[in-house]
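Following this message is one structure expressed as structure tokens.
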Amino acid sequence: MASEQNIQTFRDFLTQYNLVAEQCFTSCVNEFGSRTVNAKEESCANNCLDKFLKMTQRVSQRFQEHQLLNAQANGAAM
Amino acid sequence: MATDAQMQQVAELEVEMMSDMYRRMTNACQAKCIATAFKESELTKGEAVCLDRCVAKYLDVHEKLGKRLTNMSQGDEAALQKIAQQ
Amino acid sequence: MASEQNIQTFRDFLTQYNLVAEQCFTSCVNEFGSRTVNAKEESCANNCLDKFLKMTQRVSQRFQEHQLLNAQANGAAM
Amino acid sequence: MATDAQMQQVAELEVEMMSDMYRRMTNACQAKCIATAFKESELTKGEAVCLDRCVAKYLDVHEKLGKRLTNMSQGDEAALQKIAQQ
Amino acid sequence: MASEQNIQTFRDFLTQYNLVAEQCFTSCVNEFGSRTVNAKEESCANNCLDKFLKMTQRVSQRFQEHQLLNAQANGAAM
Amino acid sequence: MATDAQMQQVAELEVEMMSDMYRRMTNACQAKCIATAFKESELTKGEAVCLDRCVAKYLDVHEKLGKRLTNMSQGDEAALQKIAQQ
């Protein structure tokens, strides 16, 4: 079933995609002498995407650990 | 199978996301191409050409990263198909 | 009828208005020795608005061309 | 003629847009006037005066561009009237 | 009653909180040699919060005065 | 007393605000820690350690300012309690 939950997950995924594409374009493409992306720009954009995913994963892990410690400190199974 | 209501939700999401992408692209190309001194009201030739190329390159990067992301994130793609098939 | 569509079009118009006013203020007003906008600032803001409209129009044309080419490449009348 | 429900939608939109403008103005004037070193908790005299003038100038620019935009974009104005009249 | 109005007021309050925390972190924390906030950073963040509240209050007053003058100029008790 | 519907609204608001905070934290720590040259696809050791500390410090500042804000803004806290009690 295309539940509200699934739609929201899909929306979050697409929003992240739009965000990372914008960031990687802004960081990697600075030359407008032609209309084609050159090899250096493409390599930069690929690295940017990979690094973004590793960054978000690491931030997520640290955040979850923090939440877990907080929940334990409160004596709750939150 | 997906009901009509579900198909419409996915269609609306696509429009919403296209519009989000378009907004980001416009911002990015404005920042890359338009001088902020505003000494004249016309786009200069240089600004106009820069905008054309910027749109082409933005859409190209967006598409390339989309393909890469789809290949990588099997989980998310599965979620996508799960929605699309029902 | 004030349809959902009309309301959304009006909202988009007003949001663009707020955005361009913010951008043109930020680019053009940098002097706070008085509380009145001077001639140079006003001219800058007017140019900024005009250029913004020409920019969004050009970006929109290029985007539509791209969409059209994509649709043709897919053999669809999308 | 506009029904009550339609009038209310337009009124809600006006509040929403006023609030969006206010948020942008606050951000812009903070960026123009407030030093980011935060060595003290009080607004300095200079910062306070700058904020007062910044608000006045922001609202002036916002209004001037609004008039210009309304004069230019007859199409959008027509759309506006179309909504308001029904 | 937890009316829509109350929920919206609470949402606005929490959004402002998230915003000011982000801004004060960004302005005040620039050293990542350890994982604890030092005294200088904490003092900066506290000043940042206090100043933010005074700034928003002042901007709000000036805005309300402007609205009032506009309403009077229009001969309305808006 | 708060009805179930009201309790759920408050719970949804908490999730929404947690998610807003998380998004801001990720942006802030990316800006503080990640070099934008993108010469390699791996996080460097320095970037990884910086992210860990950045998350810890962000959450600490967020919490400290939250306490300070709650103490100050009795009005808003009252509003909060008003919601929670009904």
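Each chain gets a letter, A, B, C, D, E and F, in the order it is written, and its residues are counted from 1.
Simple rule for what comes next: a residue touches a chain if its C-beta (ideal position, glycine included) is under 8 Å from a C-beta of that chain, and two chains touch if they have at least 3 such contacts.
Going by UniProt, the chains are A, B, C, D, E, F = Mitochondrial import inner membrane translocase subunit.
Note that this is a predicted model, so its numbers are computed, not measured.
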Write down the chain pair with more C-beta contact pairs when E-F is set against B-C.
E-F
Compute the distance, rounded to whole Å, between the mean C-alpha positions of chain A and chain C.
28
Distance from the CA centroid of chain A to that of chain F, rounded to the nearest Å?
17
Interface hub residues of chain A, defined as touching at least two other chains:
24, 28, 45-46
Two or more partner chains touched - positions in chain B
25, 33, 52, 56
Take chain C as the starting point, go toward chain D, and spell out the full loop of chains.
C, D, E, F, A, B
Quick check: in the complex, which residue numbers of chain C touch chain B?
24, 27-28, 44-48, 50-52, 54-56, 58-59, 62-63, 66
Report the residues of chain B in contact with chain A in the complex, numbered from low to high.
2-3, 6, 9-10, 13, 16-17, 20-21, 24-25, 27-28, 31-33, 49-50, 52-54, 56-58, 60-62, 64-66, 68-69, 72-73, 76, 79-80, 82-83, 86
In the complex, chain B touches chain C at residues 22, 25-26, 29-30, 33-34, 36-43, 47-48, 51-52, 55-56, 59
Which of the residues in chain C end up touching chain D in this complex?
1-2, 6-7, 9-11, 13-15, 17-22, 24-26, 28-30, 32-37, 41-42, 45-46, 49, 53
